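Order of writing sets the chain letters: A, B and C. Residues in each chain are counted from 1.
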Amino acid sequence: MRYVLVDFLVELARSIWLPVCLLLLWLVVSNGSTSIYFPPLADIGATLVRELFVGDLGRNLLLSLYNLAVGLVIAIVLGVAFGLIIGRAEKFRRVVSPTLNFLRAVPPAAIVPIIIIALGVGAAPKIFVIALGCFWPILLNTIDGVRGTSPALLETARAYRIPSHLFVFRVSLPAALPQIMAGIRVALAVGLVLMVISEFFGADAGIGFYITDASTRFAIQETWAGTLLVGVMGYVLSSLFLQIERRLLYWYFQDGNNASQRQSNRRRIKAGGGQ
Amino acid sequence: MNIMTTVKSPAQPKIKSLAVEGLSKSYGQIHVLSNLNLRVEPGEVISIVGPSGAGKTTLLRCLSGLLPPSSGGVKVGDEPVREPVAEIGLVFQDYRGSMMPWMRAEENVAFPLQGKGVSKSVRLARARECLEAVGLPGVGDRYPWQMSGGMQQRVAIARAIAYDAQILLMDEPFGSLDAQTRFDLEDLVLSIRRRLAVSIVVVTHDIDEAVYLADRVVVLSGHPATVIDTVDIDLGMDRDQIKTKADPRFAAYRGRILEQIRRPKPE
Amino acid sequence: MVAGYRLFFWQIFAALCVVALWAVSNRLHWVDAAILPPVEVVAAQIVVVVGRPEFLAAIGNTVFDGLRGLIIGSVLAIPMGILIGMFPSVDRSTRILIDFGRSFPVIALLPVLILLLGATSQMKVVAIAIACFFPVLIQTIYGARRLDPTISDTIRSYRIPAHLRFFKVLLPAAGPYIGTGLRIASTVAILVSVGVEIVSLTPGIGREIALARSYNETATAYAYIFFAGLLGVLLTVLWDRLEARLLGWHHRSAVE
């Protein structure tokens, strides 16, 4: 038992020594800094903690996360549903694919000013923008995933006369799931960007609003604190997502045969890079 | 391999025959099968052999209803087969690909029953029973990738049995397995035909396997492929990997078929 | 060939259906004209906008700043990625940093960047470079990590010196992955470029969209959005062509 613990600590040390060193370096170098743009890290940290627990930052963060979660859920439901349908209808897919490719190529950030300014500062326009931006990567990856279902499985399902509702939920959906999850991962990054951007525009709350508001007031420490918090949030969300993915795709990650397929899946991920 | 229990099917319907009548198949200009006639009587085991590329798999896919024939047809009992029918259970060569990797063994076996509307407890119980019958007791909760190739192919056979298929169609079922596993599975097929009321059609390129398993061997050859010979195998019901294969009659059948397959080779 | 024409016809038809849906929703007032102006007005603006002097400048700014950011980001990311991929210990100790960096929405950095650099093209290029850096880095690491053990054994047994190993073995082996990284990053470059322009009003398509919107010329904003989408499609087509030509050998060997 003791060895397990020692091993664990050694592994941990190996992966965190560099980030810890860099953080310490920043702490030491910035200590006593008088530049207004680069306040000491210790001060930023103190501001972050204070704003988070005493000030408004915590409330703003929760508000933003709520918008992100609702938008993402809408995008997942619609993207997967349409993806399952279009992925099965090959002729239809070929007919609509130029249109879909054009629509997903439109930078989602571009519609933010229009939607936000027209619809006002509430949560609904932000959720709409997030859902719209997240929809495309999920849709396109679901279509690809469904189309990638192995012919042997399709034959098996036909030979055993699997009715279509069962086929969709027990064959198509799980077969496409690795690719769907890859799409959601991209969508998460897109959603995060849209969440922040939409709050830059017309908003009176939210983490994005908090950052711009602080920067226009030249509250440098608050600006840094908010920005760092967004980074931490992005990291925590994507780590969380990775855990969910590992759970859901247990069968997929265990199967040694998928190792090479996984690599090629990664190469096929649509509209990669959420920025 | 005598540990098997008997698998009682809920309702044992009268087995139907499988008839191929004047079946031809071509892909565009390429004629693969030409005017095949064949009849599988209830309870019979038939092997279809032929050199690679002779259209064996195409024939099996036509038999199962996965592929529409160009002319002629297939009948189960009196009903023509146009789409896959409930009487036929298919065992694919690609055992890996035909298992849903997200389902455990018993879910894979039970899945076609779910399609028939069988309730969950009943279909899982039946899946376990059938897994036991193919010599896999207690592995129902394993995923396909936790099983060897031979085990996966046993699961595929269990799935066909659980489906209450009256006719098992097997496409090169043991082609990619090692010799020992292959022998075990051949004996499993023989034991299934002894215990269950099913007809079995095995497509294979292995002549030993064809003779060992079958009551009748159908030899396909030529381009497009035709039935060039039908050999009745009179080796009795009880066969044994060593004794049967050492039997002089076995060698005679084997030689006859081998000669048939080699003869039409163009120089 | 006939089938090809027929498909093309149906594809046009599908696109027209979307336009028709747009027109119908205008007529029946399903959506506010402030959000979605009449389709014919937008179509007219698409033509009008092309004639304006700022049009080419806007496209040029977005594309070239995007390209500059992409190049800077990639030049930093490729050697670093190969080094990280070559040494498992470096790989492990940098993983948290890289995961942090890649999940960071660069747009959130804008207020800080604007404070530091002002709302300038330089600032935009820096933001794009940061955003492009991570996808290229991550793909390069994959590529360098997956060097075939047989190849690495061969290198070791023939005692190939380090600089040759880097340029003649690792770089070509990681090539297809770097290509994928560049492809992702080039999409990212356009998206970030437009996003930064919208927020900071630095010159480019995004600035035109934001300005048109603030003058209440929503149709003009849509015209520019249309061209931003066209840019994305063009990029995809270019990459498809390039990949088909360059990576032929890679796909073939992947089939084996």
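Just so we're on the same page, a residue touches a chain if its C-beta (ideal position, glycine included) is under 8 Å from a C-beta of that chain, and two chains touch if they have at least 3 such contacts.
Here the structure is a predicted model, which means the values were calculated and not measured.
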Chain hops separating chain C from chain B, counting only touching neighbours: 2
From chain B, the most remote chain by mean C-alpha position: C
Chain closest to the middle, measuring from C-alpha centroids that were averaged per chain: A
Computed distance of Cα centres, chain C from chain B, in Å: 52
For chain A paired with chain B, centre-to-centre distance based on mean C-alpha positions, whole Å: 48
Between chain A and chain C, centroid-to-centroid distance (C-alpha), Å: 17
Residues within chain C bordering two or more other chains: none
Chain A residues within the chain C interface of the complex: 14-19, 22, 37, 94-99, 101-115, 117-119, 189, 192-193, 196-197, 200, 208, 211-212, 214-215, 220, 223-224, 227, 230-231, 234-235, 237-239, 263-264, 266-267, 271-275
Residues of chain B that touch chain A when the two form their complex: 64, 66, 83-86, 88-90, 92, 94, 96-98, 100-103, 111-112, 114-115, 143-146, 159, 163
Parts of chain A lying in touch with chain B, wherever the complex brings them together: 150-153, 155-156, 158-163, 166, 170-171, 174-175, 177, 251-252, 254-257
Residue ranges of chain C in contact with chain A within the complex: 7, 10-11, 13-15, 18, 32, 34-35, 89, 92-97, 99-100, 102-112, 114-116, 131, 134-135, 142, 146, 177, 180, 183-185, 187-188, 190-192, 194-195, 198-199, 205-206, 209-210, 213-214, 218, 221-222, 224-226, 228-233, 235-236, 254
